[in-house]
Amino acid sequence: MEFLYYFADVFTPLSFGLLLLGTIGGLILGATPGLSPTMAVALLIPFTFHLQATQGLILLGAAYTSTVAGGAVSAILLKIPGAPANIATTLDGHTMAQQGKGAKALQLSFLASAVGGIFGVLLLIFLTPLLSQWALAFGPSHLFWLAILGVTVIGSLDSASVVKGLLSGCIGLWLATIGFDDIMGAQRFIFHPSLGGGINIIAALIGLFAIPQVLTMFAKGRQDNDAEVLVVEKHSVRDAMREIMRRPKALGIGTITGSIIGLIPGVGGQIAGLVAYDQTKKFSSEPEKFGKGHSEGVIAAESANNAMVGPSLVPLLTLSIPGSPTAAVLLGGLLIHGIFPGSDLFDNHPDVAWTFINSMLIGQVLMCIFGLYVAGLAARVAQVPQSVMAAIVLGLAVFGSYSVQSSMGDVYVMAALGVMMYFLERFGFSAAPLVLGLILGPIAEANFIQGSMIANATNGMGSYFLSGALNIGLIVVVIASIGYSAWMELRSRRYTSKEEIIG
Amino acid sequence: MRHLIASAAVALTALTGSSTLAEGYPERPVMMMVSYGAGGATDFQARIVTMTAGNEDALGMPIAILNKPGAGGRVGWNWFATQADADGYTLAAYNIPHFIAQSVKGGVQYSADSFEPIANWGADPAVFVVAADSPMNSMDDVVNYAKENAGKLTFSGAGLFVGHHIAALQLEQAAGVKMAYIPTKGGGAAAMKAVIAGDVMGGVNNLSDAFRAEQAGNVKILGVFDLERNEFLPDVPTLKEQGYDIDNASVNFRGIMVPKGTPPEVIDKLATVVPEMFKNPRIASKMQAGGSPMHIMTRDEVKEMWAAREETLKELLAGL
Amino acid sequence: MSMQSLPRLQHILASGVVAAVGLRVAWISYTAQPSEAFLFPRLIATVFVVLALWTFAKAVLGWTKIGHGISTGQMVKLAPGLAIALIYIFWAAKAFGFYTAGTATFFILLSLYDPAPHNEAKSWIKRAIITAGYLLVMYGLFAKLLKVYTPREIFF
């Protein structure tokens, strides 16, 4: 309960001002395509040079929580996921916005983010010592199986055809191998100098999601938009709260999956949203509604990716190991003030540690309030005429992908992938499994190689990858996931063939 | 409007030759490329040592950091050697021995001759760490275990052909043992996690990161791969003191360089201003606070160090 | 679903291209050196080729169930926008600078796809105003707030 003593520190005028600044600034930065939470936090580090340690961290903590949630805004309104965490949000969120239910989608996403986020931070407050053991439990073999578990999701994710979903995933896995391989330093598939650095995941996300949408709008031609003026439905916050209460399963699965997966160093944050989305779909009584503007999709994805924020900081705060790129940047913010995370932080600077954690708790609430306040307004973006929208999204895609690391090569890669994806989508391939492959490929490969090097030096491959409770547990889940997908596929096939007979 | 004039001026000077360039240099903010990700040790230190660049007694213009991470730094340095403008407005951070080792190994578009050093700001030696609960308490314990179990002692480091790998090779050579070096993806942090979690039995890591992990009570530091003990760890003996003939070839020197072809006047200006800039007490206190050892060297000293390093590394890597 | 006919030829073409890419990837993975660095690509490429050939075979046999391809009408409408976007990204952005090229592209795309009549001064003024607003927002956000270094200086 120590954290309660430090609540007052968050509410001093300067601290609270910084908290507001961090939250609102974070939402705007998060909603800007190309600015991942990591980048946003890195951009704010120089400001903390002039602040005290506590205040600097309040700013960074608030910015971290709200950029993650802010990413949902561009995912829902523009179909440009701000970070890998928001991919799953586009699937149902953007569809809802196109149906004029943007306000509802945004409200649900902010509410779900707040619920997930607060749960995550509470875990951080109460279970840190336990969680740090869990974070360390994942060695190379376990991370490899975890990545494989992610791969099994590929087939069932947002694709009408399992084979084409898997094929899209394979294309993604292959794209991820382009560039210098990280361990050996060998060059692979670099057939253009722009690819020397590999495919930047943020640039790829922008291209794969935003460009097909621009081209789809172009393909509709000079249509008269009087014909289809979209009515943006008003949606009251109270209705949104009621809706979220009615979907406890999505909220629960999202929050718990996000918290557990978010904890695992190096993997968690990126796939938490997608895994939660997939699990919710599998456990839902109406899985066929997913991908067509179903509120459960938004709730699961957004509660998961904010629930991961708190636990993702556990390895940093307790063991001084940054578990994610954003945590690494936060580490810099601490070091600049001479504070070492780890036992030193909680023993000698409890004011800094607890004020930081408290600021994330309050930040979640502020983010939610502010988000709900602007949701109705922001949803009107969907009313922007198609021609204007296409040009704006194209511009944002170019600037966003360039700003990731000021590289023209990233813009070329973004455009090439985007145009390719447009045509592939016309033939039943889809972007979500491809991106999942792109994310999981390097994780699976690096951990497999590292694991096999350790295994060859010690007990041999078989016992390293296949024994131990955690390995076996993960393998069982992998098999269950494949089995479930296969069963669903067979069942739906029976359905469609029946329909065809009737039709 | 100011930018318009500034860029017109740059265009003009490009036409009229470089002599006028140095007089007003720098006229606009300078960019510095760091070939590791935001939050890494190099990035963190680069941001600190350049934070006073905008002061009147330094460059008078701020230095903006640009990260181009990937493949142990190869991506950024390839870009810097082939695509960066040699006009003095594009600087880069170097890591020795990393980029020299990579150029010796081959497969990259740069070598020590592609760049002109400006000044060195830091030297971060490699250290050998084991988990806090490990039965090993000295380098002798480590080497004895490795002798009894040839090739079975697993230890992590931040990749191949980086300082950690060089240290590992030197250790194997000096002790005459075979060990299993496990390169991790994700830099020193991932390598440290592997040690703390017990995925590997030991590891080579940066002194600054190991110092923090030791303070947190997670690891024991058994030896420093340097010529002298470090001020942060006065109680930890060097490898040499423990009887292994290992020099400072693996020490991670960090500093600033420009591409070859940068006008000599600009290089001269930078070479006089930058080392002075590093001496700013604000920088020293921030570096100290972050546990990052400073080591300021001038352009001529760095040139010598590069040449010496290249020779050692060619010898060491010849067998691979 | 089953009522609508799918463009079989287009499907054969598309899945053929994917299969060709897969075969090429597999070829490189199995031949390139150092071979240990290509262990993982070999694994992926094998699955890739199997799935791609399966898809190709289904397309040839006309068993493809999803994906409606592109109609000629859509292609005609898409072509000018796609061409302009590609010219902007692969050439103009670097040659003229992000903001100049971006603004010009924005205005041209708007003129091409905005349904408002082309012979009215009013609609042209409206387009110009929207374009100016776009330039302002982009410049403010990326150049001023985020200080992104664009290839030809901050202004251009």
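Per-chain residue numbering starts at 1, and chain names A, B and C are given in the order in which the chains are listed.
Criterion: contacts are C-beta pairs under 8 Å (C-beta built on N, C-alpha and C of every residue); 3 or more make two chains touch, one makes a residue touch a chain.
In UniProt terms the chains read A = C4-dicarboxylate ABC transporter permease; B = C4-dicarboxylate ABC transporter substrate-binding protein.
Predicted, not measured: the structure shown is a model, and the values here were computed from it.
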item	value
Chains touching both subunit B and subunit C, listed by label	A
Most central chain, Cα average position	A
Relative to subunit A, chain with the most remote C-alpha centre	B
Between subunit C and subunit B, distance of the C-alpha-averaged centres to the nearest whole Å	39
Mean-CA-position distance for subunit C and subunit A (Å)	23
Whole-Å gap between the CA centroids of subunit A and subunit B	32
Numbers and ranges of subunit B residues touching at least 2 other chains	66
Per-residue overlap in subunit C, given as positions that touch at least 2 other chains	149
Numbers and ranges of subunit A residues touching at least 2 other chains	181, 184, 186, 406
Residues of subunit C that touch subunit A when the two form their complex	1-3, 10-11, 14-15, 18, 21-22, 25, 28, 32, 34, 36-41, 44-45, 47-48, 51-52, 54-55, 58, 64-70, 74-75, 77-78, 80-82, 85-86, 88-90, 93-94, 98, 102, 105-106, 109-110, 112-115, 130, 134, 138, 141-142, 146, 148-151
Contacting residues of subunit B [partner subunit A, same complex]	37-40, 43-44, 47-48, 51, 66-68, 70-72, 74-75, 78-79, 82, 102, 105, 107, 151-154, 159-161, 180, 182-186, 189-190, 192-194, 196-200, 212-213, 215-218, 286, 288-291
Footprint of subunit C on subunit B - complex, ascending	3-4, 6-7, 10, 31, 64, 66
Residue ranges of subunit A touching subunit C (in the complex, touch as defined)	32, 35, 43, 160-161, 163-164, 166-167, 170-171, 173-174, 177, 181, 184, 186, 188-189, 214-215, 217-225, 385-388, 390-392, 394-395, 398-399, 402-403, 406, 408, 411-412, 415, 419, 423-429, 441, 444-445, 448-449, 496, 500, 503
For the subunit A and subunit B complex, residues of the former touching the latter	38-39, 42, 45-46, 49, 136-140, 179-187, 193, 196-198, 265-266, 315, 319-323, 325-332, 335-338, 340-344, 405-407, 442, 446, 450, 453-454, 456-458
